[in-house]
Structure formats: C-alpha cells, structure tokens
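In the two complexes that follow, chain A is the common piece, with chain B as its partner first and chain C second.
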Partner chain A sequence: MNAVESTGLVKAFGKKRAVDGLTVQICENRITGLIGRNGAGKTTFLKLIAGYLKPTRGSVDVFGKNPFDNLDVSNNLIFVDDGMAFSQSFTLGEIIAEMPRFYRNFDLELATKLLDYYSLDKKQRTAKLSKGMRSSFNAIIGISARAAVTIFDEPTTGMETAARKDFYRALLKEYIAFPRTVILSSHLLGELSGLLEDIVLIDSGRLVTVMSADEAATYAIGLRGGEKQVGELAGERQVLYREDFAAGVYLVVKGGLAPEEAARAQKLGVEVTPVEADDLCIYLTQKDKGGIDSALRRE
Partner chain B sequence: MRSEENNLRLSTAVKNQYIYKLRANSGYFCALVLAQVIAGLMMFAGSAATGTAIDNVQIMFYTISPQIAVIFSVIWALIISILLTTHANRDIAFTVTGNRKSYFLSDIAFILTGCVFGGVTSALIGVALRVPFYFLHMGNVMLNGFYPNLGQVCIIAASTMLYMLLLAVAGYFAGTLLRFRKVFIIIAAALFVGIIYLRTNLGESQSFLRMCWDSIINEKLLGFFTLRVTAVSIVMFAVTVALSYRMEVRK
Partner chain C sequence: MKISGDAMTPIYMRIAQMLEDLILDGSLKEDERVYSQYQLAEMFNINPATAAKGLNLLADEGTVYKKRGLGMFVSADARERILKKRRDGAFKEMARQLVLEAKRLQIDKEKLIDEIRHIYESGAGE
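Coming up: the complex of A and B.
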C-alpha cells in the first residue's frame, strides 16, 4: 500500500510554483529519500504531506486521507524540521516528557538514552542549543515518536559528521525494530545511500524520477576516453553529463553496458565507471548538461 | 492509521493541547499573581483615607478597592491573548498533533481559564488586603464594609472575569489580524487611539457610539453584562476563526 499518493499536485506562492504538477507514490514502511537541489520544492511537498499547506491544485493523500488540517493524519505523523518549536518554559527533559501525550507510541526511555548519548543536558532549554544540537534534539523526538509517517526535512542541518552518522544509524535501527514510513529530504545523498530504499528525485517542483536504491546504482554509467571513441560507444544513449578534458571527454549516459559493449569499450580504450548515486542526482537535476564548467567557460 | 483506534477524537486533541498550553504558559500565571501582589501593595499604600471629627470622636473612612488588581488582570488578559496568536506560539502548537479546530478550542479554553484565574485572584487580593489593614489599625476597625461578604466578592470576581474576557477576545482578534496582514498594525493602532478618544470625549452625548459604549462597558447589571460580553466574545471569536481559516496551518 502507498503511504502517500499525490496526483498533479501544485502549490503556488503568488506566481511562483514551488510544487508543479507532482504525481508520486511513496510506499508504506519504507525509507524514502526526497532528493533535490535547493529550491526544488522538497520542503513544500513535505509540508503538503504533513497537512500544513493547502494544495493550490491537484491532491495529496496520506493513507487515503486528505492531510490538510486533518486530525487523524496529524495523529499519525511527525514532521521534523528546524521549524519545530517548543516553549521556552520547558527544559529538554520536560519536552520529551510531554511528547507521549501527543504521540502514543513515543518511547520515552529511548529518547532519554539518546539525549544522554548526544550529551544533551536535560535541564537545558532549546534556545540555548547550538544549531547542530538543536537538529539532534529534533531528530531524537522524530525517531522516538514512532509515528506511522515520520518526515525528516533536512534533519542533519548543522550536525557534525559523527552526529549525522549516529543519527542515520539510530534511525535505521529503530526503523528495523519498529517499521514505519520514513521520508527523508536531503541534498546529501552520498551519506544516505546505505539508508534509503527508494529515491524520489525532484527538480523545480517537478518529478524527475523515482527509483529504488538498487536501480540508482545501475541507472547510468560513466565513460572516459577519447572523444571519438566515447561518442561511438555512447551511440544514441541519453547523455546526462559531459565534461571535457585535454585528452578526451567524460560522458555520463543512461543505462548499463551489455557484455559485448563492455568488451568493445576495452578495445576502444574507454574507461567505464559506475556513477555514484550522489553524482547521478546532480547530473539529473542539472540545468545545463555542461555543469559549472559551461558557466565558467570564456568564449 | 487505518484502524479506528488510531483516530484521534477532537476532545482528546483539545484536552492535550490545553494541558500543554497551560504547562507551557504557567509562568504567565505566576506573573499575574506577582502583579496582583504588587497591585495589593499599591492599593495598601494608596488606600484613600478621609476623616472627620465630631467632638472628641474622630472618624476615618478608608476605601479598600481591588481596582488596581482588576486593571492589572485586564491588561494581563489582553497581553496573553495577543501572545497566544504569535507565530512562535502557533508553531509550538503545530509541532505536536492537532488541527486548527483543536488549536482554537484549546486557546479558548486557555483564555477562559486565565479569566477565571484572574477574576478570582483579583477579588481575593481585595479580601487579603484587609488582613494587614486590620493589624495596622488594630482594634479600631469597627464599621460595616470591613468584613467581606461573599456576594460582593463573587460580583467583583465575575465582573473582572467578564472585562478580562472582553479584552482577551479583542487581543486575540487583533493578534490574528496582525498575523494575517501586517498593515492591520496601523488599523489596530488607529482603533486603539479611537477607543481612548471615545472614552474621553463621549461625555454625556446621546450618540450611537455612546450607546454602544454604555451598553457594553458601562452596563450596571451583571446579568446583562454577562450576556452582552458572551455575545460579543462569541461573535469576535467566530470572526477571528473565520479569518484564520484563510491562512495555512503552518508555514
């Protein structure tokens, strides 16, 4: 079953369409990464799912219900972002103690242990936390809530590398112990590659592609060698990225190579390399296929 | 999510939000009590005394009025209700489960609690003030009016609550308007000045505005006053909620 389903979803702010005709399904009890560049519409889409924003056109359903201002959806969903706000009259310890009131599956013991692990003082208040610590605290609430739909919007903003890795690990372990639908938005796909099961790639409010993490690994290949040889091998394939070198060219093309093509590549002296998921997302959402080089090129 | 037991009843959501708001804003209640104590001290220091002497007997009249405490409570209600409508408070409410209906209903419950609390404490501070008064003028307190009667205390409490409610509703309305469009700050300021102007310049004229003012603010009968304040509150809350429904849940 799909946890989230959107059809022709549009959200406009004035004339600007942050989400522009998005039709996508997100499977239940999987970890889905919503990947896109800054301003791709990730946050707006997630807020539409959370029921905070009203679609301008189209529809979005969470477990078959319209999430906007919906109590049932809100009861089964937690939205973790840096806009999470808590009263300054509460200490961190008091905040987590309040959470079971709202999230019936909230694991207070887990939250307490994670607070200790992240060296967050229970007597502190959120205003005194650094940006990274604040993100860690919000993430702890998100993980411990065990909500049927758990949304993390750029959850690791400001976190140091070690804290980010710990967060991914904690999330994965908790997800395995208590499966739920996790939607994670990020532009740092590299770090998430071991965590994500599905990837939804969006750009300019539109869907670029949906793929599983396994598909992402074989979605495209890189060809490096002389321009003529690489061009011959690439044939009619869709070119996702091109980088020119003094001694040749590096092309990223869609699809894999058949064994006989691989043999031909070897004969032509073309190096075939896998494309990292992180790079792939960059190539798929690049406005100009020539990359930054094309902007810097002097005619 | 798909089973009924996972559905949240509105009453539960309202209760959860209400308790959360009470706990989160308990400091405001402490601030009110502190303000009441300060009001008490001011009343004590400033209690008016008029005296007269007949032959060898000197008679002093002391006026003990909880007026300052009432004014403090009313201002408190106005401030609290505006604070409730701020972005920060709205974000706090929507970080946890709930929808707009539960948000408004818990706000209303919170405001009513504040009004009851403020009304009762204002009335009681007037009573409490008599204790130091008694010791200060030990043995010389003899005339009626010194010992509070329950009916009078209740009337003070009830009327304070109603004035607080009136201001709280106005504050809530103004706060929501401000969040809706910043330009309303100017309109709100103009209204505020206008009301003060009305208050000082209406005099004894028979204008429509004077009638409105009299019928709401200067109503002498508690029953009518209750009815009118309740009616005004309901209408203003309804308008506020209707306005607020034009906005997104959380940005």
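Coming up: the complex of A and C.
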C-alpha cells in the first residue's frame, strides 16, 4: 500500500496556490526526500499530509484515510518542523517522559541517550535553547517516536555539520531497526542523497518528477567543450542547463553516454562530468536557463 | 566509511565493485557469507535499499547466490567471473584511455609498448 496518495491536490491561500494540482504517491516504509526550491510548496504539502491543513481541492490520503481531523492518522504520524511547539511549563526531560502518552512506540531510553549525546540539559526549557539545539531536540523527538509516518520538514535548520551528520546516521539506524515511512524535506540534497531511497521533486506546487536516488545520480550528464563539439555530442537530447563561457559551452543533457559516444567525446575533446542529484534538481526546477550569471552580466 | 569509486557511478554499483574487490583479494572466500544489506547500510551510511541493489547486481551476474533465510554467499567461481567481467569491460576501457592519452602526448607505439614492458618488469603490483 502507498503511505501517502495525493490526487489533484490544491491548497490556496487567498489567490496564491501553494500546492497547485499535485498528484503523487509515496511508498510505505521507505525514506523519501521531498525536494524543491523555497516556495515550491514542500511545507504546505507536508502539512496537508499531516492533516494540519485542509485541501482547497483534490485529496490526500494517508494509508487510505483522510488525515484532517483524524485521530487514527494523528496517532501514527509525527510532523517535525521548526515550528514544533512544546509547553514552557515542561522541561526537556519532562517532555520526553510524557511523549509515550501520545506515541505508543516512543522509545524513552533512546530519547534520553540522545539528549545526553547532544548535551541537551534535561532541566532546560525549549525557549532557552539555541536554534540548532532546538532542531536537535525536535529531531530526537521525531526519531524516538517510531511513528508509522514520520515527517521532517527542513529538520536541520541551524544545525552544525557534525550535528546534521549525526542526525542522518541516527535516523538511518533507527529506520533500519524499526522500519517506518519517512518523508524528509530539505534543500540540502547533496548530503542527504545516500540516505534517501526515493526523491519527489516539486516546483511551483506541482510534481516535476519522482525518481529513485540512484536514478537521480545518472539522470543527466554534463558536457563541457567547444560549442560545435558539445552540440554534436548532445544531438537531440533534452538540454536542462546551458552556460556559455569564453572557450565554449557547458551543457547539461538528459541521459547517459553509450561507450561509442564516450569514445567520440574523448576524440572531440569534450569533457564529460556527472551531474549530482542536488544540481540536477536545480536544473529541473530553474526558471531561467542561464542561472545567476545572467543576472550578474553587465551589458 | 566512504565508498571508493568515482562519482560517475551510482552508489549501488560502487558497493558492488567494492565487494568484487574483496572477493578478488581473497578477503571474501567462496561460499562465505557476504555482508547483508543492513550491514552495508550501516558501514557506509547509505539506505539499505541502495545496498540491496548492489547485492542484487552481483546476484544477477552470478557472483553471489542467495540462501533462503541465511543471506548472500560468494559463488564458487566468483573470482573467475569477476576477472572475466573486468578484463572484457573496465580493463579494455583503461587500455583504450591509455592509448588515446599516448596519442595525445605524441608518444609513438613502440615507446608506449616499451614503457608498459618496463613498468611490468620492474615489479609493479607485486
């Protein structure tokens, strides 16, 4: 069964459609990355899945159920973002001690160990934490909850590199030990791509594509060299990005190169480079084929 | 631990290559159990599905075989299979690159063969 299914999902805030006809399925028990630019609709989509928002049109189902105002879904879904609010009447230690009331599988022992590891004071309250520490605390709650659907919206905001790496590792190990559906939105795809199984790429509230993380690794290639030579090699392929520079051009095209084509590239002196998933997502969602340089160019 | 290999190859292929290397150098012997997808996931910090893909690639090529409920094991002829695959594939490609580079640097055929002979005989890799 699919953990999440959305059909023609629309969410409008006044005239603005944050989600604009999104139809996508997210497989259960996988780690899926929801990738897109700022303003692409990631947070709105996740909130619709979590039942925090009601669709304007279309539908979204979590394990076949409408998540809005649904206790069944609520019990089995946790949504972690930096807006995650906890009462200031409780200390961190008290919060985690109460979590099993809300999430029956909450691993208190794990949460306690993680609090220590992150040097978070059990007697502290969340308002007193730095941004990075608060993200870490929210992440600890999210991982320890062992909820069937675990959603993280930009969970690493403010976290330093070491803390982020630890978060991904803790998430991976706990996911292996206790499988669940994980949906992670981030724009730091580069450091995430080993962790993800699937990638859902959205732009302007709509689906661009769904692919597996390893499909993303070989989806496109970069060709750099003289314009004519690169053009010959590129042929009829779809161009995702173009950058002109003095000595030639850099083209990102869909697909890979067959061995004969690779040989031809060498003969022509065209450099062939891989396109990493994070760059790929930028190229697939960009507005202007020229990138920032076109804005910086002086006439 | 980081997986070696170039960024041009997807992670699951690099996992497969790494396991092949271990079989070739004798670290993994025939009929010995190979790491599971979960062990590989933990070792390299990757999604177990990706690790599984690498293992399945080797299984499809006959380099490893599956024992129901026990995991993946190194095939009896695994070494020969890997050697053959690499001789026909990656090695030929490497040789082609070498020739192309030699031509680009204007090293003639005789000089190139001499150079290779010299390196081979000087005991490289022993």
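By our rule, the second predicted complex is superposed on the first by the 297 of 299 C-alpha atoms of A that agree within 3 Å, B and C clash if a C-alpha of one lies under 4 Å from a C-alpha of the other, contacts with A are read in each partner's own complex, and residues count from 1 in each chain.
The criterion applied here is as follows: a contact is a pair of C-beta atoms (placed from the backbone, for glycine too) under 8 Å apart; a residue touches a chain by one contact, two chains touch by 3 or more.
Quick caveat: nothing in here was measured; it's all calculated off a predicted structure.
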Superposition on chain A - do chain B and chain C clash or fit: fit
Partner chain(s) touched by A:A213 [first = chain B, second = chain C, both, neither]: second
Chain A: partner with more touched residues, chain B or chain C: B
Partner chain in contact with A:G83 - chain B first, chain C second, else both or neither: first
First, second, both or neither for A:Y250, with chain B first and chain C second: neither
Touching partner for A:F68 - first (chain B), second (chain C), both, neither: first
Least C-alpha distance (whole Å) that remains between chain C and chain B when both complexes are overlaid: 23
Residue numbers on chain C that touch chain A, as the complex places them: 6-8, 10-12, 38, 41-42, 44-50, 53, 93, 96-97, 100
Of chain B, residues touching chain A in the complex: 1-2, 6-8, 10, 13, 16, 19-20, 23-27, 88, 91-92, 94-102, 248-251
Chain A to chain C touching residues, read off their complex: 30-31, 168-169, 172-173, 176, 194-197, 213-214, 217-218, 259, 263, 266-267, 273-274, 276
Residues of chain A defined as touching chain B within the complex: 47, 51-54, 63-64, 68-72, 74-76, 83-87, 89-90, 98-99, 101-103, 148-149
